[in-house]
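Let me give you the structure first, and then I'll get to my questions.
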Amino acid sequence: MRSLMLGKSRIEALSDGVFAITMTLLVLKLEVPEVMHHSSNEQMLQQLLALGPAFATYVVTFLIAGGFWFLHHLTFHFIRHVNGVLVWINLIFLMLVALLPFSAGLMSHLLIHPVSQLFYIGNQLAIAALLNIHWLYAKGSGLLDAADSRQMSLLTLRIGVTAAAFAASLATSVFLPAWSWVPLPVVLLGGVIVEARRKETET
Amino acid sequence: MRSLMLGKSRIEALSDGVFAITMTLLVLKLEVPEVMHHSSNEQMLQQLLALGPAFATYVVTFLIAGGFWFLHHLTFHFIRHVNGVLVWINLIFLMLVALLPFSAGLMSHLLIHPVSQLFYIGNQLAIAALLNIHWLYAKGSGLLDAADSRQMSLLTLRIGVTAAAFAASLATSVFLPAWSWVPLPVVLLGGVIVEARRKETET
Amino acid sequence: MRSLMLGKSRIEALSDGVFAITMTLLVLKLEVPEVMHHSSNEQMLQQLLALGPAFATYVVTFLIAGGFWFLHHLTFHFIRHVNGVLVWINLIFLMLVALLPFSAGLMSHLLIHPVSQLFYIGNQLAIAALLNIHWLYAKGSGLLDAADSRQMSLLTLRIGVTAAAFAASLATSVFLPAWSWVPLPVVLLGGVIVEARRKETET
Amino acid sequence: MRSLMLGKSRIEALSDGVFAITMTLLVLKLEVPEVMHHSSNEQMLQQLLALGPAFATYVVTFLIAGGFWFLHHLTFHFIRHVNGVLVWINLIFLMLVALLPFSAGLMSHLLIHPVSQLFYIGNQLAIAALLNIHWLYAKGSGLLDAADSRQMSLLTLRIGVTAAAFAASLATSVFLPAWSWVPLPVVLLGGVIVEARRKETET
């Protein structure tokens, strides 16, 4: 069976489904405050504002998950066939994606707690690591279309930089917990600049 | 990567997934009354009728979400390719759509409360605004098929009118809370009439 | 826009999504008994058996929903194009489908209560009615492929018989509550026999 | 209608949807401990570690479900058309798949309890049995593509071995509860070895 070449449409459909459900389930962590019934406008606003950390976690997690979906989408733009090993790598990848509502719940309840931060960032790093394995395996096993190699090496760079950004976040959250959200945007911005320069050089 | 032209099938699949889940999760706000077990028929009917506001919110939110899905579907009828910027606009759009079960929960629990009304209508307006950005960006960036331009300008009108209707609703809910549900059907009806006249003129 | 002919793939995708989520959410009504932790084997079996009505509701509702999905699937086998009216009929159809977890929850908590039975069967009847409207509209508006007309009239019969079966169930549940589950299998069986005879006659 | 040959794309879409939702709903059984708010790091780690059995159930159930999805995917690689009987076999198969979050919840709450083990393994065995019926019916009814018969008999072997592994698990869980997790990996490993030898013989 190992030599059987499968189409990619169904693993894409399963992945889109898991991403869509995961991203939509994040909203279930935002509970409508039950006590607000007969409260005044000001009390109610304050109670909504008290949901602030949960909202921030919703927005950040939704966009990070969206980013992972986009990178996954880009890899399948180049992948032509799927084999059993790639399916199993993807299933483990999806298992880590589906864990996000739990990690996000841990974050929003316990915003600055070191252990919840480690768990949340660790989950993201594990997703990024699996995405690298997925892409490197697909590239190394001849499952790709004969496509534009410059575009493909840019994607390799992007996926690698994403993993590096979360690794830096994790390291910071261990040694400098208060700064743990700095590395992600910094490294991503660095990646964008490197990518732009590389484009310039090549033209 | 920015110059890479992606197919539209996977962003459509993710969008259909998020819409389907969001619309189906709305039903979770309708709780089966647990106290009804040994109650008489009349008590039970009264308890079901007490769920009236929650049912109304379910129906209205489901149909509004369905309308947004339809407009989104219509834009992709004309869109041929997708690029990174359009993907990110869509992810933010979907993030606001996935927030609807929370807004709907706020509405049905606190039916005439000004703050919950503002939040609910604000959520809808934000979705309509993103849909306009999505459509105007796609039109301005050459991502469309060379299609029937009359149909396309009708769609531009429709999407604009939808945003205007929710903006009018929001303004009314601030100044005349009791009338906040009037502008939506009025403006939509006006849009239908304008559209019909325009069709007549052109033929 | 009314004259715009849309493809059918996205309304199919939204429908498949709503059906899949609705059918899977039914399981959330089956709660793991929390008290069972240190109980003996016999106590535990008894507690699982106490979930019997909830299991029966799960199986029956899943299969009825599956049957509606199959009929919906069959109609789209013959539909070639979709217009705005058909989209809106489908959205109302899906709104009633997405209500099933609530109706099923009402059923399994209050198994023989007349009001919950009326609500549950009424929900199914409303779904069947919308399916008829959907199919008759599609047939009457030239949205179908020029297909095998014998197959199409068999489908018309099937969809009509399904609605009749639920109408008979509803009437029975009003006048003879204890017999309300008899009409459904009887009418469906009658439909199968009529269909078989018709096939014979035509060959 | 029985002689109507349907496309396979919609039953695949419904199946992918049910699998994606089932696998993602498993995470809802992992509850964020609410008591952790003001606890120390060590207390928090201990509380996360207390979720260990629930995590193990999440990982094992996600991967088993993923394996069933893969086998189902492989069967549809060879299936060309779908008829009414196959649709109903698939709906019963999906009904058993959608039950997994309940079985998994039973497992993780009551880890070594014989009744919960029997229920969990029984659910898996029922899924495997339906998959065999699905495949044997499709093969026996001429719904397959004229495809590579060696690949097809390997798939028959795989699906049969999977059912045998769960049957052995179930038997062990009755007579030797403490060893109930041994047969699954042993039989699967045996299947891999047999498959490898068969491949050798044929080349």
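Labels for the chains are A, B, C and D, by order of writing; each one numbers its residues from 1.
By definition in this document, contacts are C-beta pairs under 8 Å (C-beta built on N, C-alpha and C of every residue); 3 or more make two chains touch, one makes a residue touch a chain.
Because the structure is a prediction, the values reported are computed rather than measured.
**Student:** Considering only chains that satisfy the touch condition with subunit B, which of them also satisfy it with subunit D?
**Tutor:** A, C
**Student:** Report same or different for the subunit A and subunit D interface, where same means the shared residue numbers exceed half of all residue numbers found there.
**Tutor:** different
**Student:** Average the CA atoms of each chain to get its centre, and name the chain whose centre is farthest from that of subunit C.
**Tutor:** The chain lying farthest from subunit C is A.
**Student:** On a C-alpha centroid basis, what's the spacing between subunit A and subunit C, in Å?
**Tutor:** The answer is 37 Å.
**Student:** Between subunit B and subunit C, tell me the centre distance in angstrom, where each centre is the average of that chain's C-alpha atoms.
**Tutor:** Their C-alpha centroids are separated by 26 Å.
**Student:** Give the residues of subunit B touching no fewer than two other chains, as numbers and ranges.
**Tutor:** Correct list: 13, 17, 20-21, 25.
**Student:** Can you tell me which positions in subunit D touch subunit A when the two form their complex?
**Tutor:** Spelled out, the residues of subunit D in touch with subunit A are 12-13, 16-17, 19-21, 23-28, 30, 32, 34, 36-37, 41, 44-45, 48, 58-59, 62-63, 66, 69-70, 73-74, 76-77, 151, 154-155, 158, 195.
**Student:** Write out the stretch or stretches of subunit A touching subunit D in their complex.
**Tutor:** Spelled out, the residues of subunit A in touch with subunit D are 1, 4, 6-7, 10-11, 13-14, 16-18, 20-22, 25, 84, 87-88, 91-92, 94-95, 98-99, 101-102, 105-106, 109-110, 113-116, 119.
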